[in-house]
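Next up: some structures, all given as structure tokens.
Shared between the two complexes below is subunit A, which has subunit B as its partner in the first and subunit C in the second.
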Partner chain A sequence: MSLDRAATVAIGQRAGLLAVGIGVVIFLSSAIFFLGRADPILAFRVMLNGAFGSWSGFSETLLRFSPLALVALGLVPSLRIGLFNIGAPGQIAAGGLAAALISLNLGGLPAYLVLPLACLSAAAGGALCALVPALLRARLSVSEILSTLVFNFITVLFLQYLLTGPMKGYRVNLPESDAFPANAFLPTFVHGSRAHVGILLVIAALVAMRALEDSPIGYRLRLLGASRSLGRQAGIDEAHMIIATLCVGGAAAGIAGWMQAAGVDHRLYASIADPIGYTGLFAALMGGLQSIGVVVSSFFFAALLRGGDTLQIGADVSPEITGVLVGLIMLVMAAMQARFRRAGVWS
Partner chain B sequence: MLHVVRNDFNTSLARPTEGVEECPERPARVRIVGIGKSFGETVALANVSLDFRAGEVHAILGENGAGKTTLVRILSGILKPDAGHLEINGKDVILTGRKDGAAHGIGIVQQQDGLIGELTGVENYLIDHPKASLWLDRSQANSELLQAAKTLGLTVKPEALVHELTVGERQRLEILIALVIGADVIILDEPTAALLTNEVRVLIPLIRRLVQQGRCVVYITHKLDEVMEIADRVTVLRRGEVVGRFRRSELDKATLITAMVGRVPEKMELEVRAPGEVVVELDEVSVAVSRTRRGLDGASLNVRRREIVGIAGVVGNGQEALAEVLRGLVEPIKGELRCVSRRVAFIPEDRARDGLAMTLSIADNLMLYRHRDRRFRTRGRLNMRTISKFVRDMLERAGIVSRSVALPASSLSGGNQQKLVIAREFDLKPDLIVAHNPYRGLDVSAAEAVRRALLKARDEGAAVVLISPDLDDLFDISSRIVFLSNGRVSGSIDPRSTTVHALGALLGGGSM
Partner chain C sequence: MTFWISVLEASVRLGVPLLLVALGELIAERSGVINIGLEGMMSAGAYIGFVVMAASGDAQAAMSAAALAGLTVAGIMAGMAILGRVNQILTGFALFVMVPAATAFLYLQNMSSLVVTPALPVLAIPGLDQIPLFGRVLFAQNEFYYIAIALCVVVWILFNRTLLGLQITACGHNPEVATAKGVSVVWVRTGATLTCGALAGFGGAALTVGALGQFNPGVTGGLGFIAIAAVILGRWKVQGVLIAAAAIGFTDAFRLRISSQVDFPVQLLAMLPWIVVLLMLIAGAGFADVPRALGRNFSSIAASDA
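Moving on, here comes the complex of A and B:
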């Protein structure tokens, strides 16, 4: 329903606070660049240029955007009912693994068969990875924060074991699988650019999400998120909702894993979930759990990640600094959200 | 409850209300001068002047939304006034922060949840102490509390976890903590809202003793009988303004009501109906007990159409479990529940937790049972236009005024929130109504609206279960009253042939 959105806090106030937040982020990150003996202005220019300065740079931003947005959109339903699934990294790894098994073994099939199959199995893998925490939460009230976190270790390290052992590729001495057959590659739009058709899935997810928000199911999610007790009175099966929303998030993350494997390096690698796993959660939160907002914030983070990757060459700053920036932004956002809440409270 | 009063509305308001009366023999502890406070466009307090003097019970009377709670928050230091100032013992003070009032000798005993349930009384005392340090001396704190209790002749259990105490015990503990911290002025915010009759009988002598010791007790309430009984002076607030000041000798119920409500309320005559078929029947029903509250243990009860069955009993004897099992929210673990209909309306005791989703819009709250209706859907989406129209009609019928149906439920006053709950619950023409303490926290006119709604539903053929710790409320409209104790239902009395006091004595069981 759009009614509640219409009645939010004054837009001017929000915009003002946002400007303050951006200012704080710029100031703090400049300080960090400065401490790292880099010129902050140069660093920002390099990042901006890297993300948007050229077609190839922009397509690299899009390459990061698709899986990130998918993870973030997938997390929205569960966040709406107050569940913090921080298991996206594990679910991405599980999805990537499932997709790799299909791609490597059924690569002989035509692309129109192997691609959907790989995508579906990735979704199933991700969902399966979320199912255990979901069941634990729904049946035994085990905190999903803890269980999904634990599952990250289990899944990611299991993947690493496979990639250093049974699934290790022939050619290089890295934790990587063999390259997928070309049939299993995600098609790209333009020759020479790595931006792939995954973005169509993001658009589909966005459309689905918009429809969900205005549907009776969206209402139930909102209600359950606002009051467990009223949800129960309306006859909503909370356990069912917990399992469904967490598995949707897992499936979306799984598909993101497939995108990374079949769209970036065309093979499965151990660090497949970096850095989109946790950033996806941040993008969902920063987007205010509204589909459009989530897509916009995902794009922002994708640009930041891409810009960060060009820092090494452009400004002699190691790209790990982007992790620090992402963390800083989240911290400032969290502080500002608390501020919004306080501004909105009156008795 | 209410009686027809003579219309001396104008004369009572003609009393001079500006300034503070002189009373030289009693020094003013706290003087509030021209305090004003607004939230956005809502004026909560406007130019309010008052003083609290040593050795008096000063009652502040007003309906919900009159500004009582805002005043308390200003006195505690949680809110800063927009205008005016405070004097404590003759000195101007500016209170900053929630412990500051306490540091200046203002002790506040809140409506509910003033103490932390998971801690003991001693721990709560240590936390509340303005000079609390990192190192806690429990045994000394304990003996301080016990010593203070002894001088007042109270029995308290400072070592027990607060949530294990009864509401009355918690309240006495909270008063004690305020005293030990050094309060000269004790503010009781709606102290009897959750108390039983017999616990009120303990509170009143306690207040008298505090006053004899030279302290000031500020008694904030909307209940007239209590004011009539103990107040030395009364200040009436309405819509944030002082609309009347009275001394003990001038107290008159009718005048107070008129000042508080602003008009003369009329009492609806209670007619009894002949009950019809049995709507719900509990047969030896047991409901699981959780750690903090009692369930049901073989409770039997039946309720017929066109009757209101009052459930009396000390809070915590299975009331919540009874309400939930009747509403169909929990399954009996033993026994059988037979209900001829699935249309059950529920007015829960805790409105903020079980009645409304406070952060969601008014429209969302009213769609609770309706969001599955096909008429509100076009191509899988909820149709906002039909929903708005439906919701606005509903608000109009319920007499709720709101600028927009998109505002959160929390923007409504307590009385309107309860009307919203009732509008939603009665919308589906229920056969059974479960009302758990439905007047809780409501002012006179809002409570009257709820009462009328219950009677109207009864007349239209619903079976009504009214659960309340307040015997007056039960006697007021019940066709018969049964007792709930230790999860069992017993007895059945006719409120027309028994007195409230006789029943109160029966219930209290001498457990003072």
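Moving on, here comes the complex of A and C:
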């Protein structure tokens, strides 16, 4: 059963259920805030204010939106054929590492050479990190869920090793590289805001995804997702599709890693994939695997992540709550989708 | 020699939580449920067990509370994925993201200073613990160890000597036939998932209360997923899971102990258990023992719907 028939459900029903879902999320998350001795009203206000309350806050939301949307869009093709690549954190880290190697070593080149090179090598790094799980899945039927997760730990540990050893920067006790040369910084739109041109790449990815949805490849993906045996009968090379879609997801996550390294702190740091990595999968699923939907839900989650990051200072609440909210929203969404089983959603 | 004995002792200590959690996953997977949310259930037990232990000092109370916490999280999983037929992987993944974050949040918000719980008493079996080399490793451990071994026996009997075990296996292989034979697939799977949650929660307590004596955010650190890998490598059999858990426990213990002996980056050593897990996944690939309906939702009312 395919994942993408959510759109067939009547709009009115969806809106009503959405309201119920939001109510449930607010109620349950308030309960968790109470258990953590925090004031939920204050926390929600701080989050909303942090994400949308000012231009600088909004630009910080955009800063999180670009990599998140890219990860989420990249995951759509593999999700369409029922593959759960939860390796985005590792692929982001690999992409960030590849981009850092280019940026730190070739920073003398002009920006119009360094930036594309860094971006491409990040894509290659992310794809490479996804390639092994993809091959294992295609050739040996090893669960991609487990193998991609294993690669998260391996890649992030390797990154931590590099950033405390060979690639360690000058700042004491921080697992991070030296700052990139200014040539390798992602250009920003407005001086003083960190929102960068990465958003243009999201638009490009969106256009590519729209084109893909209506192309023969998109059709083959949907066919294979609907039924493996039908897909095989139609002459679709399943192994090829598995490898290609997982590597596309890896490449997109890799580019997101480049954005994090070259756009946020202008250096490589160990926690580069947090918390974009896992959230990307939720954004893709919540967006119903439709390109526009994925972008909208990515924006929503980006605002949530930004809001969560302001909680520590604004309401003295530890930012771990963001993960709780993200997971909770996904659970409630999934439960609501289950109400529409007759529409064939997420069987 | 003392080095290897200390490695073996640590292997058992680190292997016990993994074994408990993997036993739970074994039961769930045999019934046809992939419980990706295992890490969440383990994390809930690890936190609640630790909190109860820190507050009361009563190990039995901590164990029960931990099992109950895991069971509660499993209740969400069962309610959604089995009764509500939401995608099992999606539900499990949401729990994997949500519950460890919730325990980390509650810990950071509620515990202002580092709390350490007392180590559990070591129960030595007189006579046997005098055996050279292995005596203290196998016969002088805390109660989590003995309970884990006993549970292995219980689960082995369940799957090899009882009708219920056969019914669980049938639900995992062919829910349609199981239904035709009068087995309620939904309730068997619900029961299996709840049992899995209780065991995972208990395993979480074995980690924080039994092995470490403390809790820290992210303490489960992917152990739930390693347990799933252990089930795959153990080919969905109790004895296989036992060997897999022991092997991973040994790897983990080895890298912890060797890090103080040699000058080698700890991060690279920490990759070792994960590389072993990856090799295990590859080695375990392609065996026919996998429950054939694993991860597939099932409705007895509309069997064709599934």
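By definition in this document, the second predicted complex is superposed on the first by the 334 of 347 C-alpha atoms of A that agree within 3 Å, B and C clash if a C-alpha of one lies under 4 Å from a C-alpha of the other, contacts with A are read in each partner's own complex, and residues count from 1 in each chain.
Following the convention adopted for this analysis, contacts are C-beta pairs under 8 Å (C-beta built on N, C-alpha and C of every residue); 3 or more make two chains touch, one makes a residue touch a chain.
Source: prediction; values computed, not measured.
Novice: Just subunit B (first), just subunit C (second), both, or neither: which does A:215 touch?
Specialist: A:215 contacts subunit B only, not subunit C.
Novice: When both complexes are superposed, which of subunit B and subunit C contacts more residues belonging to subunit A?
Specialist: Looking at subunit A, the partner in contact with more of its residues is C.
Novice: Just checking: does A:182 make contact with subunit B only, subunit C only, both, or neither of them? Give me first, second, both or neither.
Specialist: Neither partner.
Novice: Given the touch rule stated above, what does A:37 touch, subunit B (first), subunit C (second), both, or neither?
Specialist: The second partner, subunit C, only.
Novice: Quick check for you: in the superposed arrangement, does A:141 touch first (subunit B), second (subunit C), both or neither?
Specialist: So A:141 only meets subunit C here.
Novice: Using the superposition on chain A as set up above, list the residues of subunit A that contact both subunit B and subunit C.
Specialist: Looking at subunit A, the two contact sets intersect at 346-347.
Novice: How about subunit C: which of its residues touch subunit A in the complex?
Specialist: These residues of subunit C touch subunit A: 36, 76, 80, 84-87, 89-91, 93-102, 104-106, 108-110, 217, 222, 225, 228-229, 232, 265, 267-268, 270-271, 274-275, 277-278, 281-282, 285-286, 297, 305-306.
Novice: Could you list, by residue number, the parts of subunit B that touch subunit A in their complex?
Specialist: Contacts found on subunit B: 39-40, 42, 69-70, 73, 327, 329, 346, 348, 353-361, 363-364, 367-369, 371-372, 377, 380-382, 384, 387-388, 404-408.
Novice: Which residues of subunit A touch subunit B in their complex?
Specialist: 1-4, 6-7, 211, 214-216, 218-220, 222-223, 226-227, 229-230, 232-234, 346-347
Novice: Hey, which residues of subunit A end up touching subunit C in the complex?
Specialist: My answer: residues 32, 35-38, 84, 86, 136, 140-143, 145-147, 149-151, 153-154, 157-158, 160-161, 164-165, 278, 281-282, 285, 317-318, 320-324, 326-328, 330-331, 334-335, 337-338, 341, 346-347.
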